[in-house]
């Protein structure tokens, strides 16, 4: 294939500038002395200092991480099991459940959010008026409903990542393990799971990313009991936004950048090592 | 390892958290504040035709712009060496880990009348030049609080969702298929038109879906960059639940109509694209 | 068979986790011994240092959140997904909430500091028997403008329709305040229920729309302080805050008259922490606390005891403490009948989509 010319390189760089211009602005103004978002008044680190004393922002970061990690773990387990279950079904019923599984992914976020909110309000209203009254328990929206909503929109992504691996799986491997005397659970753990692992991991990553990034669904389902970072930022954009948030996003940017670089360098190294090994084998063969 | 019962917990989950909520939307859409079955919410719908028109128009423009930028970029990306590819993917995904509200808010600082871009234009004497040439008297470009700014916000936020699926599909095209076409005498334009483009269609369709749906239903972008002057479907729905006029019945009806229109659009588009499975995005 | 049992057990585990997760947050997160109070207030409407002081005095943790206008507050409470203990709506919204049974009656035995509130601010029109609310502040709506961008002193609402200021005008992003201004400008009552007058007012707002830079609530702080816009209508106390930030700004009350509002603290029906909410209201009625708060937010103080303690600057400010003559022409919003509210909603959408 031909390599790219000057024109296409220039276009790619322009797109890059487009993508990073606002991020650059955020980062630059996190070091601004005053709270102006457009006028540079001198270098200062005090927004970073303020950030670490702001319990509301830090609290919302903690909530975001808690809900994302919990939702990731639960939806990965639930989704992997569901993928295996769906895979074992007959064609017709599989098509039906997969179609339902696609609903949260193809629906607009706002519809998922609003419909879940209606569910929670409706169900809690019914529960609190009857059983809850008898037991003295009142259900309220908050972290619990936030978590349920996140699991609901995360699982489809896990299933979507695991399904292709199941399709690629050689069913004879598992049977061979059984024939060789392995218990079904042992064979599953030692033979099937390693084959599915890449799909499960990328599903988990995807679920985590979706949760961290979500605003709309959280906004409608968290009620007043919990507030994620995205919700906190939205509330701020409705009045005056504090440059502490710029400082926070700069930190997030740096952390994500470092993680991505480390992960990529690591996998490049692994690839190189594999290539070398292959080469050595070939030489040995030759 | 075949065990269809493993799917049962999640089937129950879906029944409660996916199917029941959809029925609730339908149920609310066909009731009013006074209770009882009614189609009143839908007969009102015509007065919101403008909102539907605006939302779909802006979302279609944003999707087209994304496609026009995203397709060549993804194509060019696949032609780079493995190192550049890797870096390009990281660069593309990095912003997605930062909150989209923040990035949109940063655009406000750029686009405002006294914002960074206008200050920059003014510093390089652009307005003086324009005023001298055309005899006008401007000191800024009005960029923020326009429909254009809303489209820009959509394109900015959802462009990666267009590039990634297209890139994934093109990158997986077997190099031998292209070589075969070349061997059979196709020039590079023909290779693109007859081989690469048709094979990349599933990615294009998945990209269009992933840009169009969030664009048509957004409410945060229009609030931040549109100055509240362009009411989109998302704003209208949000307004009925959390905003200025509480009416979840109407809100559900609007949601339902939007959902149906989007589903119909998707169905039509998927017929063009052989109903391929959604390309994996990340 | 074994597989079925496994699936059943798994489903049960799932169900239990769900219930645990939900009840866990139902008992308000198991916060420290004294519990919590969830306060829901307008943006930029309290000195947030006072929240820490309240916690220091009582041991009650404050969860503080803000809303942008009365209508949103009403929506969020009606949606049933929120759980707040103290809210601070305005006059007409309080009477609507009383009418719709959305407020708890206050136990004034728990609010001994209520004695600090002047007689003039008790038993007001919206809560005649004084059972649901404790006055927080009052103020007027006026025009805030940038003296360097406007070459005249605006004495009329007409400034918001001045074509010379096209693209520099901000407008309220809530139906009651925005339509109220147009009604006043036309010389009608802000509480009119005449559909023709309301439609006429909205027509006027549609005429204004091309001149409007954006529809705002608290975003107005940023835009006026930064010189991004020249003029916009907002609340008097916030005007004082903005003028402190940018001395080029000034405040004027139009000659056609304006809206006078009273905001008061209430407890929504079914609040989980009613006693803590009353403790919070009581705290806010201490003269020292009130004075500190009002020095910060710049609104009129409903307690003469606290007024003594205010900064001289605020005490003498004609914006927060306008003279009687200026108030002659003011209306206070009252709750409107349901069909008028519906008309407001549909007319507001008509404006937004025009």
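Chains: A, B and C, in written order; residue numbering restarts at 1 for each.
We take it that contacts are C-beta pairs under 8 Å (C-beta built on N, C-alpha and C of every residue); 3 or more make two chains touch, one makes a residue touch a chain.
Predicted, not measured: the structure shown is a model, and the values here were computed from it.
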| item | value |
| --- | --- |
| Chain at maximum distance from chain B, centres defined as averaged CA atoms | C |
| Chain pair, B-C or A-B, that carries the greater number of C-beta contacts | A-B |
| Cα-centroid distance, chain B relative to chain C, in whole angstrom | 35 |
| Euclidean distance of C-alpha centroids - chain A vs chain B, Å | 19 |
| Residues of chain A whose C-beta touches two or more other chains | 37-38, 78, 81, 117, 148, 220, 237, 241 |
| Residues of chain B engaged with two or more neighbouring chains | 3, 5-6, 8-9, 13, 112, 114, 241-242, 248 |
| Two or more partner chains touched - positions in chain C | 10, 14, 79, 226 |
| Residue ranges of chain A in contact with chain C within the complex | 36-38, 56, 74, 78, 81, 117, 120-121, 124-125, 137-145, 147-148, 220-221, 223-227, 235, 237-241 |
| Residues of chain C that touch chain B when the two form their complex | 3-4, 6-7, 10-11, 14, 69, 71-72, 74-76, 78-79, 167, 173-175, 209, 212-216, 226-228, 344-346, 348-350, 352-354 |
| Chain B residues touching chain C - in the complex, by the definition given at the top | 3, 5-6, 8-9, 12-13, 47-48, 50-51, 54, 112-114, 142, 144-145, 226-229, 231, 235-236, 239-248 |
| Chain A partner contacts - residues on chain B that touch it in the complex | 1-11, 13-14, 16-22, 24-25, 28, 69, 72-73, 76-77, 79-80, 86, 88, 90-110, 112, 114-116, 119, 156, 159-160, 175, 178, 188, 209, 213-214, 216-217, 219-220, 223-224, 234, 237-238, 241-242, 248, 251-252, 255, 258-259, 262-263, 266, 278, 280, 282 |
| Footprint of chain B on chain A - complex, ascending | 1-4, 8-9, 11-12, 15-16, 18-23, 25-26, 29, 37-38, 78-79, 81-82, 84-89, 97, 100-101, 103-112, 114-119, 122, 148-149, 151-152, 155, 160-161, 164, 174, 184, 187-188, 192, 202, 205-206, 209, 212-213, 215-216, 219-220, 229-230, 233-234, 237, 241, 245-246, 249, 252-253, 256-257, 260-261, 264, 268 |
